[in-house]
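Structure, as structure tokens:
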Amino acid sequence: MAADGDAPIPGNVQIVLVPCSGNVQVMDLLNALRDGAEGVVVFGCHDDSCKHLVGNKRARKRIEYAAALLKDIGWNPERISFLPVSAVEGRVFLDRLAEVEDKLRGLTVEA
Amino acid sequence: MTEASQLQTVLDGGGFAVTAELGPPKGADLEVVRRKAEYLKGMVDAVNVTDNQTAVVRMSSIATCAILRELGIEPVMQMVCRDRNRIALQSDILGAYALGIRNILCLSGDHQRFGNHPEAKNVFDIDSIQLIHTVRTMRDDRKFICGDDVEGAPRMFIGAAANPFSDPFEYRVRRLAKKVAAGAQFIQTQCVYDLKKFRKWMEMVRDLGLHERTHILAGITPLKSDGMARYMRDHVAGVDVPDELIQRLRAAGKAAEEGINIAIETIQEMKDVEGVHGAHLMAIEWEKKVPEIVERAGLLPREAQ
Amino acid sequence: MIVAERKPIADIKQMVESHERVLVVGCGACVTVCMAGGEKEAEILATVLDLAFKDGGKQFLRDCVERQCEPEFLEPLADKVDASDAVLSMACGVGVQTMVAQFPHVPIYPALNTLFMGRPLEQGLWSETCAGCGNCILHMTGGICPIARCSKSLLNGPCGGSVDGRCEVDPENIECAWQLIHDRLSEAGKLHLLDEIMPLRDWSSSAHGGLRRLVREDVVL
């Protein structure tokens, strides 16, 4: 929906589409960081709205797990996060993206 | 040393026995033992000495028992299976007898997680029932567990513990039967507050005829406050304190006095329970109250030792 | 199966600190099932170490074998191992030591803590089940092992610390094994089996008896 709207998606954001947030693996998050991303945000369905029942739960758990690994090596765990958004919340999606961008800008590369 | 166990003499003679408990010090200071022993001398038939109770390191039971002997008090040496294997246990049974100790209480022992050395390796080579069997084998068959001859049999009076309040409730008595079959001649129970449940347990004990094959001593621990009562109910496995008792303590002006009253009442009740042949007073860190309890419960005088 | 978990990252970092080229090797057997050291976990660990030592010039290579406890499966790793300063094995203690025997000239570090032989109770939860005592008595205890599952390994349990079917050592997480044994035998009408005193155990067949070996003469050539 956001793509159809008036506000464009910021240029420094790389979008990766997945059928369900539950498809996102820990390796996907880590690889993104290793390949130079400053942060990763996984947008998934709100609680209890997952079409695949527990996909968003799995996503949250994996993000928690990966964030803990980051913490273990002295990186800021907030570089990766999960944000719930539904298909009709195009504006919310863009707003959240902007917030995450601001936050990441405020973080130093490590810790 | 051929004198028989005084505790055995009282029990086998049909008397109502009284035993107490003494926790050794967390140090090598003899004086602590002497001080506690002073309260108990002449007040009871024998004094149990705990064996690194709750897995907290204290002066050894065997050493403390030997000290009590020198002070003219008959000890009951508690032995747990947590810290020593069959080699060390059999060795200590021999040593204990040589030092004049005549009563042994065989226990599994609290897990080391509860104590001050939770990182220690535990042993549990044998369990309490196998330990009872071991002592009996050494005494009656004059053999070590491995089959070798024992030169000089330790003629011990063998005891075990029983918890009428833990689970599985119905199975407890069958396990008690195993202890008796293994050779337990006296049983000291976990402290009793729920008289109804205790009586039910004794009924099951009598149904199996165990009261005729072993002497049951009911455990009595005087409560100092309703706080202590609630702590024991919530944190000590297998201790059940009925609400009425907690109410009594809360309502009393001086809870400690009421606690002593409750203890004395319980002892009186025990005298009338068929199959109960004594009381075991566990006044933990409150040994000085033992003389009052024993006297007011009409248990004095005890046989001179 | 053997249940293990990854050591803290800080400990692993320390192990590899002085090495430049490290090979992280996963194992496709037990540690894959408990998600501690399989191919996926080896990848994850290698990538985390990449991030941890970013700009440090270290290289973390990754591989995985079917089972690290069989020399035949380790042979194909030879070239990669030779080209490395050190190996991080994500196998259980058996796998690590087999690697050590196979590649004696390269330091092989354990990335996992091997915990116990156990089974899954639910997704993500494993519980210790077998103590490897060498003399199985499950047929006498209704299929519940008192040596592994009783905190005191009692053979004539339960002890006085059994309340509501829980073990006093950790009532929240440990069931009283003897309550379980009692219930199973009771249900099967075999409670009388517990009336017999189980005699003192011969522990010489267990780890207490010294390093154990097994020889099958029928397959030794």
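Just so it is clear, A, B and C label the chains in written order, and each chain counts residues from 1 on its own.
We adopt the following convention: a contact is a pair of C-beta atoms (placed from the backbone, for glycine too) under 8 Å apart; a residue touches a chain by one contact, two chains touch by 3 or more.
What you see is a predicted model; the values in this text were computed from it and never measured.
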| item | value |
| --- | --- |
| Central chain (by mean CA position) | C |
| Label of the chain whose CA centroid is most distant from the centroid of chain A | B |
| Distance from the mean Cα position of chain C to that of chain A, given in whole angstrom | 35 |
| Separation of chain A from chain B, taking each centre as the mean of its C-alpha atoms, in whole Å | 63 |
| Separation of chain B from chain C, taking each centre as the mean of its C-alpha atoms, in whole Å | 40 |
| Chain B-facing residues of chain C, complex | 151-165, 168-170, 176, 179, 182-183, 191, 194-195, 197-201, 203 |
| Complex contacts: residues of chain A adjacent to chain C | 25-27, 30-31, 33-34, 69-70, 72-75 |
| Interfacial residue positions of chain C with respect to chain A in the complex | 8-10, 13, 40, 43-44, 47-48, 50-52 |
| Chain B residues within the chain C interface of the complex | 81-82, 86, 108-111, 113-114, 122, 124-130, 133-134, 145, 161-163, 166-168, 171, 174-175, 177-178, 181-182, 190, 237-238 |
